[in-house]
Structures are given as C-alpha cells and as structure tokens.
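The same subunit A turns up in both complexes below, where it pairs with subunit B and then with subunit C.
Right, the complex of A and B next:
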C-alpha cells in the first residue's frame, strides 16, 4: 500500500479552496510507514456532544469517468475524490445533505460509502479477498435505493460483524447499479445474510436478480481484457459497453427495464 | 460419566459507553431502543450501535445535520451547482433533499417495480 490517495488529494487541492483536510505535505517521504503516518495525521472524525455515534466511521467518495477515455487504474485513482469522513449520524447528514442525489448525477459517475480506512478499490487489504452483491436498477430508483442502502449500513442492519466494507452507486447510461462490498467472498453465511438484508432494506421484489461477484474475478476479468480496461470499482460495466459481452450473461438482460 | 466437564471461562461484560442526553429529542422513540442507539451488548458480534431507518431520518432535521460540513470539497455538480440552475441551487441551499427523499420516515417503503 502506498499513499496514492493522499498524493491525489494534494494534486486536486486547487479545486477545494477551503479544505483544511488536504494539507500540503508533498515533501513527505515515501516510506512503509506512510499509511500509519497518514492515519495519525488525518484528523479522526469524532462524534460531537449530543450526537449519535456510529458503530464505524465512514467516508464518502465521488468518482467520475470521462466517456470515451480508457478507464485505466491510473485514471480511476485520479478521478476519485474523497468528500469527507464522519463519525456520527448527524455528521453523516451534514455531508449527505450538501451533496447531490445520485439520481441527479450526470454521466458516468459513482458515489462510494466506505468504512474509514478502506479505499473503494479492489486492491485494498480489506477488499482483496472480498466481493460484492450487485443490483441493477432501472432509471429513477437510484436515489431512494442508495439512501436506504447506506442508512442500513450506517445503522448496522446487516448483522455480519465487521464484514461490510462499503457500498457503491454507479450511475450509467441506461441503468444504475448498487453494490455492497464485503470482506470475505468465500463466507457464504455472510454473503447470504447480506443478500437477505438487502432484499429487506431495499424492499426488493422477490424476483429481483442479484449477482454476487468476487473481486478476484473482477480483477481477472479486467486482465483478460487487457490491463486497465475498466473502472476498478465497477467490474462488469466495461463489458457491456464494449458490446454486451458480459460474463454475467443472461442474468443481466432479465433485470429491470426489460421487465417493467 | 465425564468428570472433566468443560468450564466456560467468564468474560467481563463489554465496557459501558455513556451517552449524554441533553435534550428530550435525544431520547429514543420507543422502548426497545437505548439512548445513542440500540446496544446489543452480549449478542454474537459483540456490542453494536444499531439505528433503524426511521431514527436516522429523524436525525436529519437536527441543527448539526443542517450545518454545512467543514472542508467539503467543491465538486461542481456534486457538492455545488454546476450551472445557475435555480432548482439545484435551492436544493443545496436549503439542505433539503430532492422531493423523493425529503420524507420523514413515516411513509411506507416504496414498492419497487423491477
């Protein structure tokens, strides 16, 4: 692990004029202790007086891909921005209420909610043995579903211990995609419980097709297509874009807008 | 008869977390919730701070929740309006969600026609 994200933050800091969270410390040496240093350096979010603490601290991230440009690992990292970290229910709403809803996003964009310290990337230590449940939504549902999903995560509704890593909402051309990431793809009891909780908190119709995908498969798949062909957080997308040659096969075609 | 019965080792109850209640609004909305969230102190998985959707949505209207966060990066179209579109501007200025998410939690979960 290195501190790509920190570097990225510094690169970008021109835009966020009043951001005390991105100190200019480009002179910092690259060392193995960087992560540790980074953690110590980063101001820990703590619940304020009278606020309702969350079980875990979380960060919100935003990423966007310019259409037509190859989504290399490099550009994924360059295109992802950390919006903020919070430790309480109230702090969450502060950020959330000052952000646009996913359904109002334009273009090829994603919001990510991850536990503080876990980067929304397959390669993160917390994610590398993990996987994600994917739900494809027809247009118009993303804002509501995303809100219900993240409220369930923040409120610890999944009851799978430390397994949840985060969630992503991906806004795409014809559909939107929700995914929830967990640590251990091979833990079937956990993945089944996450699936069942998802059905409940999103009020999904019983016939909803839900797809579980391990991150190692996502990485492998990207490699067979050549390096850097897809967005790291969003494994299957590129396949559809490049001609519907999606490994998820017929499952994909049955969902959402085809069945409305 | 087995004489060496297995003894379960006693474990201390996880440490107490104190929650200050300064305001009646911080009190839980029902009797199965403790202030500061429901504590499942000795359930598998240990202590968890659990909030249901309704409670979380109620907290949205708290004064803190309405204050813009410090250090919010300026991302046009995401944390600030891209254009002078009055609707979007209003949305951000009022800290009010788009109509579909400005509910207070007492509405039923929507039916999703997938």
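Right, the complex of A and C next:
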C-alpha cells in the first residue's frame, strides 16, 4: 500500500523534472528511466547491520551553473545531480568523505542536502508553503559551517518535528551562502526555533543578522525580473540559485568569527 | 424491517471502504440479498483475525513518530573515522566533485579544537565586557 502511494507521489514530482523546452518523446522516456533508476536506489537506502540509523533518509545533490551560458536555457537535468541517498550515519560519511568540500568548489555551485523524497526546488509539495533562513558567509567559512549545519540536521538537533526540508550551501563569487529550508513559513514558533538552533550549532556571534525569506516571495521577486517564470525548468533554475543572486545587494552582511 | 436494517448497515460500512483493498475482496454491486449479507460478513470478519505479525506491522508503522533518533555533533564525528564510514559507496556517480578515495576528515577535529578555543575566547570577552 505504501509503495503504491510512493510510486504515485514520485510520478507527480517527476513531472516537474521535465523540461518543457524539449518535449521529444525519446528524451522524456530517458529522463523517466533515470528517475526510476534513482527511485530504485533510493528505496534501497536502509541502514546496514550495526549501523546507526537516521531519523530520516536524506539525499545529497550538487548543482552548478555553466559559465558563459544563460541560465534560463539550462534544464534541471543539466544543472542538478543527485549524488546519493543514505539512511544511516555511516552511509552519510561514506558519501560525504568521497565528495570535495564546499570551500574547494569553484564557480557558481551548490550542495543540497534534502530529506529523501523532497526535491531541492521551491515547487516541491514539501517546500511550496515554506521558506528559508539565510546566512551570508565571508569566504573561507563555508566548509566548516556547512558541516556543522548538516550534522545538526542529520542528528535531529532542531527539534521542530518534521518541519526541516533541507539545506543548501551556495558558493558564489565573493561570498558563500548557507540556507536551511522548512515546510511552513507562516509557523513563527518553528522558524524562531530554527533560528535559535542555527545560532547555537554554527556558534554565530549574537549580532549576526539572519534573514528569513518565504519561497513565494523568492518566486515573486524572480517573476518581476524574468519572462521565463511559467516554465517549470526555470523554476528549478531559480531554485538552484537558492539563497543566491536574488538576495545580493540588499542588506549585505558578513558573518565574522572570533575563532577563525 | 429486515431490509431497512440492512440498508443502515451498508451505509455505516461505506466509509470503511479502503479496508477492502487490504483483503482484496471483489464486491460487485449485486442486489441479491444473500450475497450482500455474505459480502458484509467477509468485510466485517477479517479485522477481527489480525495476527501478531500484522499487529506488529501496524505498530511499526507508528514507530518513527515516537522517539526521535538524535545524535550530537561529537558523536557523529566520532563515527566518521570508523572503517565502515570510509568505504566507497556502492553507487557513486562519476563527477568532478566526486573523489575516488575517501578524503581525510582529520580537519574536522582540528576545526573542533579551533572552535572550542574560539568559544572560550568569546566567553572570556563576554566576561570582561561590563
């Protein structure tokens, strides 16, 4: 019964993957196959014998904007890649230790850690009513902060039930941006708790300014800028820049540590 | 009298429909009262016969909601160095950001030490400030 439900859900969300700009049947089938393949892998993610299970299964994703190409022509598949799904602490470390750290990334790229079944995009059912806390980091801090953030998520340190959807680290030209996404932007008790936990686990100085942004606001902001917003792949592209360009310029603040 | 009672029965059973899926009973809309009564019996009976296995399954479904599995940062980091955590994952895509061998995570602990020192400094500053 559960499997059937999952399959339906996957089919639904799979539609979002389709790039409406390339409706060739062959390509469509291919991407559906890839989707199924990924689902199969995902379902296999169970804690091994003697391993430490996680409260939820998670997936790691990577995305990068190819330099010199206008982002709007890029599809979801070209931009974002699911690296792996894990169900235990040991499985997480296996993937994590086989990936370079965010601080060593170059160019316009992001790592995403999301709960299994939630796509790192605004349009996902789990995200569409949600929002994110944004912390801007000066260069050199991303790896350590990302590590602390995802360890706090995996270890269930936020204590907000099922509200956490995932987190993103965005490597940009002059700064790096951390964001943590939750399901219900209107739930102020939850967002306040996430903020306080973030301060604690990242050891943020008390005067650090953190910004909360709802995904609907992010989408609206983009709509006023670009004509491609009805296009779903554009929505995904925007998502890849989560916490990215759209905030630059306004209220820029750099987190600075005593301990660095 | 009989007929009207049966109708009430059917009405009550209507919302319980999803149960049928569990027991794969094919009930054709049949006006025959005998088969109707039989169908009702079939439908009502199975839930009474839930075995221990089924019961445990139901209990397990509820499990994730009780008691959170939480780990502290230190505990997670301690697990990072176990040989089990250093193995190469079975499915690892070829990608520029993917490494062929596990990188050293020694820097984690180094950071931790710096981190702790920073915390102390911050605490000290707070103590000193009026």
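Keep in mind that, in the parts below, the second predicted complex is superposed on the first by the 179 of 260 C-alpha atoms of A that agree within 3 Å, B and C clash if a C-alpha of one lies under 4 Å from a C-alpha of the other, contacts with A are read in each partner's own complex, and residues count from 1 in each chain.
Heads up, the rule we're going with is that a residue touches a chain if its C-beta (ideal position, glycine included) is under 8 Å from a C-beta of that chain, and two chains touch if they have at least 3 such contacts.
The shown structure was predicted, so the numbers you read here are calculated from the model rather than taken from an experiment.
In the superposition on chain A, A:120 makes contact with neither subunit B nor subunit C. Once the two complexes are overlaid on the shared chain, A:49 sits against subunit B while remaining clear of subunit C.
When the two structures are aligned on the shared chain, A:202 is found in touch with subunit B, with no touch to subunit C.
Once the two complexes are laid over each other on the shared chain, residue contacts for A:166 go to neither subunit B nor subunit C. In the superposed model, B is the one of subunit B and subunit C that contacts more residues of subunit A. When the two structures are aligned on the shared chain, A:138 is found in touch with subunit B, with no touch to subunit C.
Of the two partner chains placed by superposition, A:130 touches none, neither subunit B nor subunit C. Applying the stated touch rule to the two superposed structures, the overlap between the subunit B and subunit C interfaces on subunit A comprises residues 48, 50-55, 62, 81, 83-84, 89-91, 93-95, 97-101, 105, 144, 147-148, 151-152, 154-157, 159, 201, 203, 205, 259-260. Residues 20, 22-23, 26, 36-37, 45, 48-53, 55-57, 59-60, 62, 64-75, 77-79, 88, 91-92, 95-98, 100-101, 109-114 of subunit B touch subunit A in their complex.
By the touch criterion stated above, subunit A contacts subunit B in their complex at residues 12, 15-22, 48-55, 62, 81-84, 86, 89-95, 97-101, 103-106, 109, 137-138, 141, 143-145, 147-148, 151-152, 154-157, 159-161, 201-205, 207-208, 255-256, 259-260. Those residues of subunit A whose C-beta lies close enough to touch subunit C in the complex are 1, 41, 48, 50-55, 62, 81, 83-84, 89-91, 93-95, 97-101, 105, 144, 147-148, 151-152, 154-157, 159, 201, 203, 205, 257-260.
Across the interface of their complex, subunit A is touched by residues 21-22, 64, 68-73, 75-77, 79-80, 82, 84-89, 91-93, 95, 97-103, 105, 108, 111, 114-115, 117-119, 121-122, 125 of subunit C.
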